[in-house]
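Next come two complexes, and both contain subunit A; in the first it sits with subunit B, in the second with subunit C.
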Partner chain A sequence: MSNSTTIKRLPLRKKRGPFLYFILPAALIVGVVLVFPIIYGFGLSFFNWPQVNDGTRAFINVKNYMELFKDNEFWHSLFLQLGFIFIAIPIELIIGFFVAILFNHDFPLSGFLRNLLLLPVFILPILSGLTWKLMLQPRYGAITYLLSLFGMEFPQGILSDQSLAYTAVIIQDIWRMWPFMFMILYAGITSLPKDIMEAAEIDGAGFLKKTFSITLPMLRGTITTAILLRTIDALRIFSEVFVMTGGGPGNGTMLFSLYIHKQAFEFGKLGYASAMAVILIVISLFFAFGLVRKNMDIDTM
Partner chain B sequence: MKMKNRKKIIKWIVFISALIIVLVELFPIWIIISSGFKRDLDIRNSNPFDFQFNLRSYELVFQKSDFVPSIGNSLIIGLSSTIISLIFGSMASYGIARFRFKGRKGLSYSFLVSRMVPQIALSVPIFILFDRLSLTDTHIALILAYTSFNLPYIIWLLLPFFSSVSPSFEEAALVDGCNKRQVFWKIFLPLTAPGLVVAAIFGFIMAWNEYIYALILTGNATKTAPIAVNGFMGQYAPKWGQLAASGTIILIPIIIFTLTLQKYIIKGLTAGGVKG
Partner chain C sequence: MRKLLVVLLTVLFATMMFSQSIKVLAWDDAHSQSWNTLLKDFEKATGIQVDLELIPSGSMLQKTSLNVTENKANYDLVAIDEGNVAKFGDLLLPYSQWPKGKVYPKVGTNDIPAAIFAAAEWGGQLVGIPNNGNMYIWMTRKDLINDEANKEEFFKHFGYELQVPQTLDQLMNMCVFFETKGIYGFAPFTATSEGATCEAVMFFESFGTSVLEMVDGKYEVSLDREKALQAIRFYKELMKFSPPGAMSMGHAERIGAFSDGLVFSMFQWPGIVPSHENVDESMVAGQIVYSAPPAGPFARTAVRGCWIFGIPKASENQAAAAEFAYWVNNHDVGLKLAEEGMTPVRTDLLNELSGEKPWYTGMAEAGQFAVSRPNRSVHYPELSEVIKNNWLGAVTERITPEEAVENMVKELNALLESYE
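The block that comes next holds the complex of A and B.
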C-alpha cells in the first residue's frame, strides 16, 4: 500500500481483502457448527428417520408435522414450556423490581450483598436442579422438613405429584432467575435522573406514587428487554428439569425440550424430533428478532 | 433532628430486609455446600439441619469415582473452546467494528440470532453430524459444539469494547508501516485486554455449565464434570453426599468469577442476548 492512501482519514475502511481475513474464520465455524445443523435439522423434519436404520428411512413430506399436531403429548409439552414464560417470568419481574428499589437505598454492605445475589444466576443449571431435588426429598429434604414443621406432610415426596412437581420446577427457575431481573432493573433504576425523584418528593409524592407513576413508566424499555431476554432463555430450559424430574412423574414436567430429547434419544425418532425442533426454533427466532429490532444496534452498543 | 433519626431507621430496616433476602436466596447453595460435608448415610437418616462435619464424601469423590478425570475433560474442553472462540471472535468483532462492507449488518445479526436458538433444537443434527464424522466421545466434538455458542456470544460481547477504542492508534501504526493484520494483533488487541478477559471468563463459564451437548456427545472417555456430578444420582440410590461434594467443587470457579466480575456482569448477561 502506498503512503498517500494511508494518511487519509479511516484508511481501515477501504479494500475488500482485509475484512475477509477478519470475518471469514468465524463465519466458517458458525456456518459448520450452527447454520448447517439448523438447515440439516429442517431437512430431516421431512423424513422418517429412525436412529437405527431399519430400512424405513424415507422422505415423507409434511407427515411428521401432521402427526405432531395430532399428538396430545406435543401440545401438552408445549403448554408446559410456555407455562414457564407466563408464570415464572412475571413473578421474577415483580420480585426483581421491588428488590431493585430496595437496593437503590444507601445501606451498609450493599455492593457485597448485590454480588451474592448473582450466584444463583451463574450456578450450573444441573446443580440447581439437583439441589432442589435433594431439598424436596421425602423425610430428609430440607424443604420437605421445613414444610412439615408447618404441618404440611408429603409422605410420597413433593416430586411424585404431577402438579406439585411442575410447581417445584417453576419455583426452582424463579429462585435462579429473579436476581437476573433484579440486576437489569437495578442498573436501569440507578441510571434514572435523580432530580425527577427529588422533585416528586418535594411535591409530596409517596412511595407508591413514585414507584408506579415515575419509576415504572421510565423503566418500560428496560423491562421489555429483560422480559424478551428471559423469554428466549425460558425456551432453552432443559438441563435443570431433566436432572430434577426427568419429565415426570408421568408427563407432569415433560417440557417441550424434554419431549424433543425423549423422541430423539429414547425412541430414536430423529425425523419426528426434528419437526419439533423446527417449531421450537421458529418460536425462538420470533422473540429473538423482537429483541434485536428493539434494542441491539451494532453501531450504538 | 427527627428527620435524621427517621433516615437512620429506614437505612437499618432496608439493610436488615436486604440481608434476609440474601440469606433466603443463598439457602439452597448452603444446603449443597453443607451436604458435601456429610456422609450419604447421615443425609438420609437425620434432620437436614443436623450437622456433623465429615470429609468421607470428599474422600470418596477423589478416590473412587470418575469425577477427577471429568474435571480434566471439562477444563480441556472449556479452555480450548474459549481460546478458539476468543481468537476468531475477536477477529470477527474487529472486522464488524472497523470495516464497512456489504452485508455487514445481516452477517452480524445472523451471528446474534442464531445463537439464541435453543441447544436442544440443534441436538439431533449436531449428534448426526459428529456421529457421521466418528467424533462422538472425543474432545474435538464438544470443543466444536461449545464453540458454536461461545463464538457468536464473544463477538457480541466484544463489539462495544472494540467500538469504544479510538481508531487513531491504528492509523498511527499504519502510517508507521504496519499492515492491517499486524495492527490488529500487535496494537489493537493489547489495548482491549480487559474486554478479552471478560469475554474469556464468560465463555469459559458457559462451557463449564453446559449439559445438553455433553449429554448427547460424550461417552466414558470424555465425560464432563456436570455429567459426572449427575452420575452420583446412580441407578437406584442417589449418593447425595458425593453429589454435593463434587457439586461444591465445580461451583468454586463460578463463585470466584461472580464475586470478582460484578462490574461487567450486566454487559455479559445482555450481550448477544442470553446467558448459557
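The block that comes next holds the complex of A and C.
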C-alpha cells in the first residue's frame, strides 16, 4: 500500500476546529442576547422579586404560576392577544395574497404602486400608534371625520369604547402589516414556475381554479413562513398599542405583552412578570413548532 | 521654573484633597435644567463640586433603586417622586438630622407650604425637602368672566356674580350658562393613566371621603359609599359639558381644547401651564385666572404630586448634599433660577413672582389645600390601578357608579389582604 493512498483520519478536535471558529461569534451573540435572558427569566419566574421594600428575592417554587392561573386579568389579556392574532393575521394574509396576485400581472405604474404599498411596513410601530391615535381623535381626527361623512358619528371617541378600541388596534395592525404579507407572497408567486400556469390555461382553468388549485397549494411553504413570522411579531406587539390606548379603556386592549409590562415595570413584580413571559415563550414555541413542522411536511412531499 | 511647578502641583494636590464633590441625581426637564445654568455660582460660593446627572423621569425609579440601598449610595442627593417616598423613605436621612448650611441657610418648614412639605413625610417624619410644588391649579377664562354681557346675563339667571368658581356647584352653574354660548364648561381627565386616579382622589376628597386611610401604619379602605357615589355622579354631570372626546381625554386633548378657547374652566399641572400662556401655542394666553380648585360640599382639594430631595443615609457627603438642596430652595438663588425656568416651591417666591407668572398665585393658593394620593405604600401602583379602573369605568359609563364603588372597595380590600 503506497503512502499516497493512505487515508489519514484527522483527530475529531482538529476536524471541528474551523467549524467552531465560524459558529462561535453567532453562538456567543445568541447565548448572550437570547439563551441567557430566557434561562434567567425562567429562573426568576420561581422567585418573588418585588421592586419594592428591600427588593429581596425569595424562592417561592411555582407560586407565581399558580397565582397566574387564578388571575382573571391574565386570562383576559391572553384571550385578547390570541384574538388579535387570529383576527389580524388571516385578514393581512388574504389582503396580501390577492394584492400579490394582482401585482403579478403587469399594468401601468405597477412598479411604482408596488413600492408605494410597502410604505406602512417601514413606519415605526410607535409612530403608527401615535398617528392612528390622532386620526381617531374625536375633535380633529381624519378617520373620525371621514366616518362622519358616512353618518357614523362617535362623539365620545372611538378609543373610549372597549370594543371599538380593540377593533381600532387590530385595524391599525392590519394597515401596517399587510404589505409585509404582500412582500413575502409576491416574492413567492413570482418565483412559481410559469409553465404550470400556462399548461393550466391551455387546459381551460379560470382565475379561481388557477388560484385555489395551483397557486395556493404551491405557495403553502411561503404562506407558512409568512404566518410564522407575523405570528411571532404579533405575539410581542407592544409599542403601538401602548401609545394608542395604554391598554385601555379599562383593560379593553390590555394585550399580553402590555400586561407583562404593567406587572414588571408598574407594579414592580419581576418574578410574576417573568412567569408570564415564560408562558409567552411557550405559546410562541407552540406556534413555531406547529407551523414549522407543517412546513417541513410540505418540503418533503 | 521648578519652584513654580512645585507650587502648581501643591495647589493641585490640595484642591484634590480638600475640595468636596457630590453626585446629584434628578429628572430631566426645564425645572431641573435651570440648576445647571447657575451651578458654577454654587460651586464658587461653597467650594463643592457638583456632578449633576439628569435623566428621563421614567428612568428615575430604576436608577435610584439600583444606586441607593441601605449600605450603598452612589449619589449623595436624589430627587424622588412623591409616589416613591414609601419605597426609599427608610433609606433617607430624616430632615431633622440634615446639617445646617454653611453658606445657604437650612430651609425652614414654614418657608414652604406645610401641605407641600408633607410630600416628604414618611414614617411620621420628614425625610427630605420638596424641590417642586406640583399640584392641581385651577384655570378659568378671564375674558369670559369679565365680559359685561355675560356678567349681566349670568346674574339674572343665577342671582350671583359671574366669577372664578369658588365651589363645584358654582362651576356646574357656569357650565350650564356657557353651554348656551358654545363654550364647554369643563375638560375632564379620562385617559387611562395616573391622572384619572388624581381626578378620583380630588372629587372623593371634595365630597368628604378618602379611598384609603392610614391606620397604625397600614392602609385601610375608608371609602364612604354614599359620598363616593355623589362624587362620581357629580363628575358625570360635569362631563356633559365637556368637549367631544370627553371619554378619553388625556393631557394632549385637554391642553388642545383649552388653548383653542373651547373650555371655560379646568385643572392643570403647573408644569403644563406655560404652554397655555405661550402666544404661539395658545389662543387664550393672557386670558387665564389661576386659583385653587373650587370647593366641594366638604372641602377644597388640590391633588399633589411633588418631587423631593433626599439624602441617602449611606452618603458620605451629607453636609455638601444638604448645602445643594438649600441652594436650590434659597430665596435669592430662587429668583435667579426662576428666570432660568425653575418653578419655585417657596411661598415667598411664588408670591413675589406672580406678577410675571400669574399661575404662581394659583400655586400658592392651591398649596394650602394640597392632598396626597394614597401613595404612602410600596404597593401604591396596584392600589392606584384599582381606583383608576373603577373610577374610569363609572365616569365613562362602562359600569354603573354603584358597581364601581363596590368593586373598588372589594378589590382594594383583596389587595390589602394579599399584602398581609
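Basically, the second predicted complex is superposed on the first by the 246 of 301 C-alpha atoms of A that agree within 3 Å, B and C clash if a C-alpha of one lies under 4 Å from a C-alpha of the other, contacts with A are read in each partner's own complex, and residues count from 1 in each chain.
Please note the rule applied: contacts are C-beta pairs under 8 Å (C-beta built on N, C-alpha and C of every residue); 3 or more make two chains touch, one makes a residue touch a chain.
These figures come from a predicted structure and were not determined experimentally.
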Touching partner for A:Ser110 - first (subunit B), second (subunit C), both, neither: first
Which superposed partner A:Leu159 touches (first subunit B, second subunit C, both, neither): second
Touched partner set for A:Leu280, first subunit B, second subunit C, both or neither: first
Partner chain(s) touched by A:Phe267 [first = subunit B, second = subunit C, both, neither]: second
First, second, both or neither for A:Ile29, with subunit B first and subunit C second: first
Partner chain in contact with A:Ile184 - subunit B first, subunit C second, else both or neither: first
Touched partner set for A:Leu124, first subunit B, second subunit C, both or neither: first
Between subunit B and subunit C, more extensive residue contact with subunit A: B
First (subunit B), second (subunit C), both or neither touched by A:Gly250: second
Shared subunit A contacts, counted only where both subunit B and subunit C touch the same residue: none
In the complex with subunit C, residue positions of subunit A that touch it: 50-55, 137-139, 155-157, 159-162, 245-251, 262, 266-268
Residue numbers on subunit A that touch subunit B, as the complex places them: 1, 3, 6-7, 10-13, 16, 18-19, 21-23, 25-27, 29-30, 32-38, 40-41, 44, 99, 102-103, 105-111, 113-128, 130-132, 134-135, 140-142, 145, 175, 179-180, 183-184, 187, 225, 229, 232-233, 235-236, 238-239, 242-243, 257, 260-261, 264-265, 270, 273-274, 277-278, 280-281, 284-285, 287-289, 291-292, 296, 298-299, 301
Complex contact set, residues of subunit B against subunit A: 10-12, 14-15, 17-19, 21-22, 25-29, 31-32, 35, 43-49, 84, 88-89, 91-92, 94-96, 98-101, 104-105, 107-129, 144-145, 147-149, 151-152, 155, 159-160, 163, 167, 170-171, 174-175, 179-181, 184, 205, 208-209, 211-212, 215-216, 226, 229-230, 233, 238, 240, 243-244, 247, 250-251, 254-255, 257-259, 262, 265-266, 269-271, 273-275
Residue numbers on subunit C that touch subunit A, as the complex places them: 61, 65, 69-70, 87, 190-193, 243-248, 253, 256-257, 378-379, 381-382, 385, 389, 392-393, 396, 398
